[in-house]
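Letters are used for the chains, namely A, B, C and D, taken in the order the chains are written, and counting of residues starts over at 1 for each.
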């Protein structure tokens, strides 16, 4: 099983990359209320990422803070699951990704909130409340889109099929969370009138730094300014 | 009037950024023949860019070669016209941009081919032949699209209207080229059954390093790897 | 008439006109135009700064910037809601924006070229907005005045954040300092132009003053802004790019060079560097979101039927 | 029959079967499948390397890479043309690719994660392709054999370029060397798998050998490739990631660990890291180009009418 450093780094990377993707929606959401909601969720993810990466840096003990970890690693050094780095796609893809991720994060943070590592427990205790809101928001939209128009139903189904395989990687570290995760997901899908996609292909690699081609491009954009001015204060 | 250094730098930047945009089509063109043709034109532009930037670096005399100039300047230091940095848009936008640019480049290189600066004359002498092919290719497509289907005609007209304002900047340095340029363009548009857009808005700034928001993103991608490993050999 | 008299009395007494009150049609139209333009400015204003969220140079700055742009969406919402109290729907307003039938602040038609532009927008553009908006907190129309109180509080927070960005840059490396100065050089005159044409050319102004929608003239506000900036620029250690700028002891204010009002007119008419891009971005987001909004409406309708 | 006898004689005499010649239906089908798969591989193969054109670290490397990917499109064209001589249209073939009814080389379903992957693809993937393809220059079907001669010439050029990229990296900074080794580590076994399943499991092979479409077995070619790479890896100063690799003096060849053929089957069946992405990219380019192709056809038709 992984060290606390690896855990904090991996979960921090999940949150950071998720935040980066969600923030891409800023000024592009289907309506203003949703623009605000997506920014909120991105801010929550970013907040959790900062706490987790800061802690990871301390555990590592090589003097790397949140910014060194966020801005000065290559994609091969990132430990996030591939799910969070996938392109946003349309709003249905974004909501499918958010549902799969946030249900997992809620369960994970709940479990970590009673961790013997007090620092991790503290971070998780704060993040679980935020995750509960993310789950509510994603569920609401998956149901709306699944139950909305013919087009929204088609898009939601396509989106779910496309991202489902990437959900398996979430449980490489926490296999015990898959059963409760599935039961929450099933409930939402039932209400949305959507079938759960079949399991099959299960892409992997994120936790060991083997990502999709999307991540290095995301990082090129995210890191460009920080890297252009080494060692300065912002 | 600008120095030869500024001239070589500006024209080199035009060619480099045009090459970068054209190469984005690679594996995405409407058919395989066009994929090859666009790569060809991108390669020509890249070749001219390398000669011009190398020469600019020598004139500058500060030891900067083509790669230092291409990869280690920020967007505020680039001197290309804004036309070439605009997003590719659909195929009609790309062909509209290419037509406006390549007719200008052909006239420009023709004029520079008899420059008293032998080095510049040599570069221009080579590039003018390539430009003639670019003009032919862009003209062919503008005519095909203008005369093709209702949709292609609509797209071609929209594209032309969108990029036309950016053509004015081409003539900030070479106002004498606008009359012959217009006469070539008019001929193509007439054959395509398209009206020449009205002059009006004339965005400016590229030659003094004030670009559109698109350029810094293009450079973030183009320069990311080179900048990540300072001073190495590739 | 009685109604007009009652309205005039409320305005004269510095009390608030409320949605249920009778008001002159011209007053209503003026307010709709002004509040809508203000709301549109918040929404379009998300773009130039949003351009740097993904590239913010530290996680802290990323969080602050994302929250700021989110606040702008919130301001847009309050203001559309205020406009709706005057009998027009948000949807109508959004369509007028996309079709170019209503304006937004011209300042957002300039590009954000570097990270320092985020600082300059905070310091100068939000600064100018505050100078413009503080008097609107006492505007005669209640819903607008109340929205402005909330907005001004957040705007001054944003202005301080922009100031901090510039302060950090100008006290950083030479490259950072140059970036900050370059941004101030580019944003100074467009910020001055935010106060509108000089009083001699300003339409609408006199009637708006009488209605207590507007409290100060364009030139008065512009002067207040310049005087405020001069002092702050010293602390920032950045130069205001105006060779004509100097203290005039007689006036007790700074003399300064006016912005290029011809440029302002060109930008207002649609020919700024980014007008097309800003509207196209908004139109595209709106169009691409249509199926989502339709799905939400369809789902709500189904639920309503079930719950009957 | 007479026709069959004539065909058999041509093949036996190592002469070329030409499009006008009679050929067994199974021979035709086998060739269509193989040539199409080969053509599709060139077209899909543009993507993993194309992923790095915009980010190539020097202008020279950018030009070389762009020209290489362009060559691949050219190879695709020759090969589709060769397939068309067998009575199937390019359009049909392209549709079969997009709909997943025909395959392409599984190697292109792996992602290019760093610049060194461009080198590794050149060295290993093009290297394996050459070992596979050189014997095809003597294939019994004339158009295919002639296309292969041209292609092999360019491929060996590409292979050398890849080798040079890796050589530069492995003799550069520690970070560059690590990048090169990492790429070789990831591409080694997928490259071995390019030769297909082991001979014991290989379908099609025996008949293809008899028809002189294929000249060597999968395992023979794989061995040849391994022996070639071992020698080059030494010069490159890069380690082949196989602890079981050693010279077997008795066989006069290297013993090596076989690739994971279960993984190969999974990738062939559609479950490699990038299968969906590669096909979706192709489908999208095809769909987005439809209006352009239609316009070209419409214009050509109008011209034809005028010229009548």
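A few points about this structure:
Everything that follows uses one rule, which is that a residue touches a chain if its C-beta (ideal position, glycine included) is under 8 Å from a C-beta of that chain, and two chains touch if they have at least 3 such contacts.
Please read these numbers as outputs of a predicted model, since none were measured by experiment.
Least step count on the touch graph, subunit B to subunit D: 1.
Both subunit A and subunit C are touched by B.
Separation between the centroids of subunit C and subunit D, computed from CA atoms only, is 58 Å.
Per-chain Cα centroids separate subunit A from subunit B by 40 Å. Look at where the CA atoms of subunit B average out and do the same for subunit C: the two points lie 37 Å apart.
Looking at subunit C, residues 55 sit in touch with two or more other chains.
Residue positions 74, 220-221, 224 of subunit A are each in touch with at least two other chains. Interchain contacts give a graph that is no line, ring or star and is not complete, per the touch definition above.
Applying the touch criterion to all chain pairs gives A-B, A-C, A-D, B-C, B-D.
Every residue of subunit A that touches subunit C in the complex is listed here, in rising order: 16, 20, 23-24, 26-36, 39-40, 42-43, 46-47, 49-50, 53, 66-67, 70-71, 90-91, 143-145, 147-149, 151-152, 155, 221-222, 224-226, 229, 232-234.
Residues 51, 55, 111-114, 182, 186, 270-271, 273-274, 276-277 of subunit D are the ones that touch subunit A when the two sit in their complex.
Partner subunit A is touched in their complex by these residues of subunit C: 43, 46-47, 50, 53-63, 66-67, 69-70, 73-74, 76-77, 80, 115, 165, 168, 172-173, 175-176, 281, 284-285, 288-299, 302.
Contact residues on subunit A toward subunit B in their complex (touch as defined above): 74, 217, 220-221, 223-224, 227-228. Chain contact summary for the complex, subunit A toward subunit D: residues 74-76, 162, 200-201, 203, 205, 210-213, 216, 220.
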